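One chain, subunit A, appears in both complexes that follow, with subunit B as partner in the first and subunit C in the second.
Let's turn to the complex of A and B:
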């Protein structure tokens, strides 16, 4: 009777565990297995090559580390520009929460759109020949600034990074606003009575209380921005001259372009470990800051 | 009123105006590309590259008919709807069964299995589409709607189980106990008592996952060769690659892809925000 009941209980989690095992655990294992092999994705047999894929990526590939650099650049812009904007807007809405609800509705439109949609619309606005941006610049008498934004190596990556931040700031805004709302109003009042001005209140009341939220937002920004690639794929496809390629687009290229499945998996492992290391370091730092 | 407080007042008034200007400007920057997209979708191939007005004088609504039929967006749209309904339905059933068991039922290894799902949310697995492609090929599920649907159910499973389990944990057990005394089976209690009570959490899960499935791109890109199975996001990219100059039809297609999302978003705003913040806190 007891045994039957326990078995019955397992049936509740069976579908979830089955799907999870097939579509998460097996691919996880397969990534590590394939990473040690050389395989074109078609042949019946693959060849065991040990750590050769890893060595080649780390020491020989001309494109791997630059692609990490590009992702890091996009992430840096997201961390600074996007999060600063999100914080400024959240603080502006903090005192007038009715207005805040309206702006929250608007600011959160870009995050619910797909990266393909966002990429296609902005790609056209940036277009060198027919784009709206150049048209406006010309009308403003700034024709000398007009250029093919996404095929110019000097501007392409920054343009993509800005759109990435455009798409993401509304999300940071919501989390930061929710965080600001939890700060007791009396603290602001008390510091005002003590004669603190706006900046002092910001540095000594808002910032210290918001550190856990900042840590959360920055970890998620880093993980999200480092792995962003559909936007890049849609806007530039990695061009010009791979100047906007990012790690995940390199993985996709190893798989579909060069038909090197093992190499692609090894890239995935290296990149995944990089991300884990970054998050662990960040969590460590934030814990130290809390103790201090 | 002394001059000091007057100065303070006027200063705070100016900052107030400046702050609101900034807010309005950013809000305009959020909406503007959508207006541009919509306006362009109503131009002709001749005017789409030269007419820089936001909304053209003559509105060519027939572009939507042409995108829907010639541009194949009718098929893509239908596929996206089917995938979204199937995946979200699957996630709701499977995750609520599991979450109910994790919250209410006893069995050995319960914590192990629950933490397994939790861990999956924390470990980043970039490029997981490579082994998934291989797996689908081996199972002969590549380039089939079923294969794509199963992959996406798995993507949404962990977070949904976590959200529902936390919700069940906080739900009072009285009604379930009453149902049990009345002789209701466990499955019956899950379906008749627990699920209806969990409606607020289910709403979050339905909307959050709908957005994810509707916007999914990379798995659809690598799993489908056949245009008749492709969802909207891949359809858009394909159309863009094939008809580079048909920007008015492309923008009509983009609008078709955006409208359902905007409608869901505007009507279900509260749930989406809840889901995303909850998802963020876990992730």
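Let's turn to the complex of A and C:
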């Protein structure tokens, strides 16, 4: 009877295990296996090369680590600018303000827009010859600031990072707003009675209770920003001189431009592991902060 | 009603439903072709209709664009075993060889040579040679002809005649040497006209112009010897090649943002008369026709830097079709490609799409601007016919290096050293 019950239980989880194995475990195994091989993507056979692809990426590639650096820069801007904006707007909407729902709707428009459309529109706005930004700057008497924003290595990556933050802040806004609304109002009232000012209420009530939400938003921001690709592709294509290339664009280049599928898989694994390490470090730091 | 009856009724309803939802059978297609040429979609469909009227055989052209999506689809189809009867391979000769060695491409040598090479002789020799693998080739592909060119193209410079006139330059005398080119650009600049625009975010275009200069400065043999690793990139001739881009940048010849501009944007800029020069392929005739039918422009050969060796430009087969070696319809596919490359069909394609025909007998009917492109076919070369090929990490290193020279973040000497380092590392893998 017990055996039958156990078998029944296994039978129930079998579909989930099968789906997980087919769509997660096998692709991961296949990717890792290909990472150890040299394969052009067409031939029936591939050559086992051991860890050569990994060694080449880690120690010899000229463009891989800079691309990680570019993604990290985009992530840094997103973690600070994007999340600060999201928190400020979420706090504003958490109060009883007029047209609160309207603002919520407006702030959530950028995330639901197509990344391709956003990228192309901003590419046009940033255009050095006929872009709106230079037009406005000229009209404001700031013509000396006008430039080819996406072609200048000094500005291209920052321009992409700002648009990435603008496009993504709505997600953080919604999550942070939901978090703020779970904080009992009595805590604020009690602290007010105790004589706490606005800043003290924010620092001693809001921040500690929002730490789990900050962790969630930060992890989502890091994972989303490190994997930024579509905006980069549509706005700059990785130029100038690979100055805005990101890891995903390098992986794609290895597959499409160089026909090095094994190498691309190894890049994917290294990139995935990098993200896992970053996420684990962040969770640990957050736990310590929470305990403190 | 009993449960059994209810169940039977349900099953019958389901079957009827499935039958009812099944699509009506389509007319049988004899040959399926996958292509990426958006601009030729209408013309291809017209030709397919004409072929069906003439032979009763149904040919279906399926468009998958843009070209990089098309390439991915073809590669995926090789793994899934779903390649169509006719397809194209976009990429370098190395990619082409991979497809052949994997058994996906039919050798057309016998068909081309049948009846005293009747089919073969219709083509420009430069068009056919890119689809040919000679005995003892570096890729170990059995000798043969593995593709059918449907048009030819070459990549040259173009100049805006109206802007030339405006700057006081003779619109019928474009610059022929690099010095003349810089001088003309300076004169245009004085008249407030910008110089050269091109899609140099697409690194293959930089590779193309750099190799034009390299052939002219050091000759084909030395370029091939560099690819074989016998000549370093730190050689003065290579540094001279890289320096030319610095000279163009320093003299303000290049469009602002040229290295982050894709070719489509560059074409739009040239068509809108914002720049006096562009570097583009013969396919641009059709593009400019669509963007600005009144554009008054001419073709000029890439300006010579040296008199030591001939200037060679990239050219040859523009687009080619390959026959799936595993297709059940390969004979029908070959017959259709023979028909498609016949003089009449080629003339129609040239007129309808403004591309240079691969069939040399069809050239009589092309537009004057295309004729200018056609005149330079004898001075073309193509990576697919070179005796040696550079590895992609090295090509990437020097094309990105040239972009950095244009930006002013690297000197030609620095780029030469960095490219050579990559070259040494790549050679160590062999």
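Descriptive notes on the structure:
Rule of thumb we're sticking to: the second predicted complex is superposed on the first by the 264 of 292 C-alpha atoms of A that agree within 3 Å, B and C clash if a C-alpha of one lies under 4 Å from a C-alpha of the other, contacts with A are read in each partner's own complex, and residues count from 1 in each chain.
FYI, a contact is a pair of C-beta atoms (placed from the backbone, for glycine too) under 8 Å apart; a residue touches a chain by one contact, two chains touch by 3 or more.
Predicted model only: the values in this text are computed from it and were never measured.
Of the two partner chains placed by superposition, only subunit C is touched by A:128; subunit B is not.
In the superposed model, A:242 lies in contact with subunit C only, and not with subunit B. Residue by residue along subunit A, subunit B and subunit C are tallied for touches, and B comes out ahead. In the superposed model, A:41 lies in contact with both subunit B and subunit C. When the two complexes are overlaid on their common chain A, residue A:256 makes contact with subunit B and with subunit C alike.
Once chain A of one complex is fitted onto chain A of the other, the partner contacts of A:216 are limited to subunit B, with no touch recorded for subunit C.
In the superposition on chain A, the residues of subunit A contacting both subunit B and subunit C are 41, 129, 256. Every residue of subunit A that touches subunit B in the complex is listed here, in rising order: 6, 8-10, 12-13, 15-17, 19-20, 22-24, 26-28, 30-31, 34, 41, 85, 88-89, 92-93, 99, 103-118, 120-122, 124-125, 129-130, 132, 135, 166, 170-171, 174-175, 178, 216, 220, 223, 227, 230, 234, 247-248, 251-252, 255-256, 261, 264-265, 267-268, 271-272, 275-276. Partner subunit A is touched in their complex by these residues of subunit B: 19, 22-23, 26-27, 29-31, 33-34, 36-37, 40, 49-50, 52, 93-95, 97-98, 100-102, 105-108, 113, 116-117, 120, 123-135, 150-151, 153-154, 157-158, 161, 186, 190, 211, 214-215, 217-218, 222, 233, 236-237, 240, 247, 250-251, 254, 257-258, 261-262, 265-266, 269, 272-273, 276-277, 280-281, 283. Put simply, subunit A touches subunit C in their complex at residues 40-44, 60, 62-63, 127-129, 148, 150-151, 153, 156, 236-237, 239-242, 253, 256-260.
Residues of subunit C touching subunit A in their complex: 68, 71-72, 75, 78-79, 91, 94-95, 98-99, 101-102, 104, 201, 256-262, 269, 274, 392-393, 396-397, 400, 403-404, 407, 409, 418, 422, 425.
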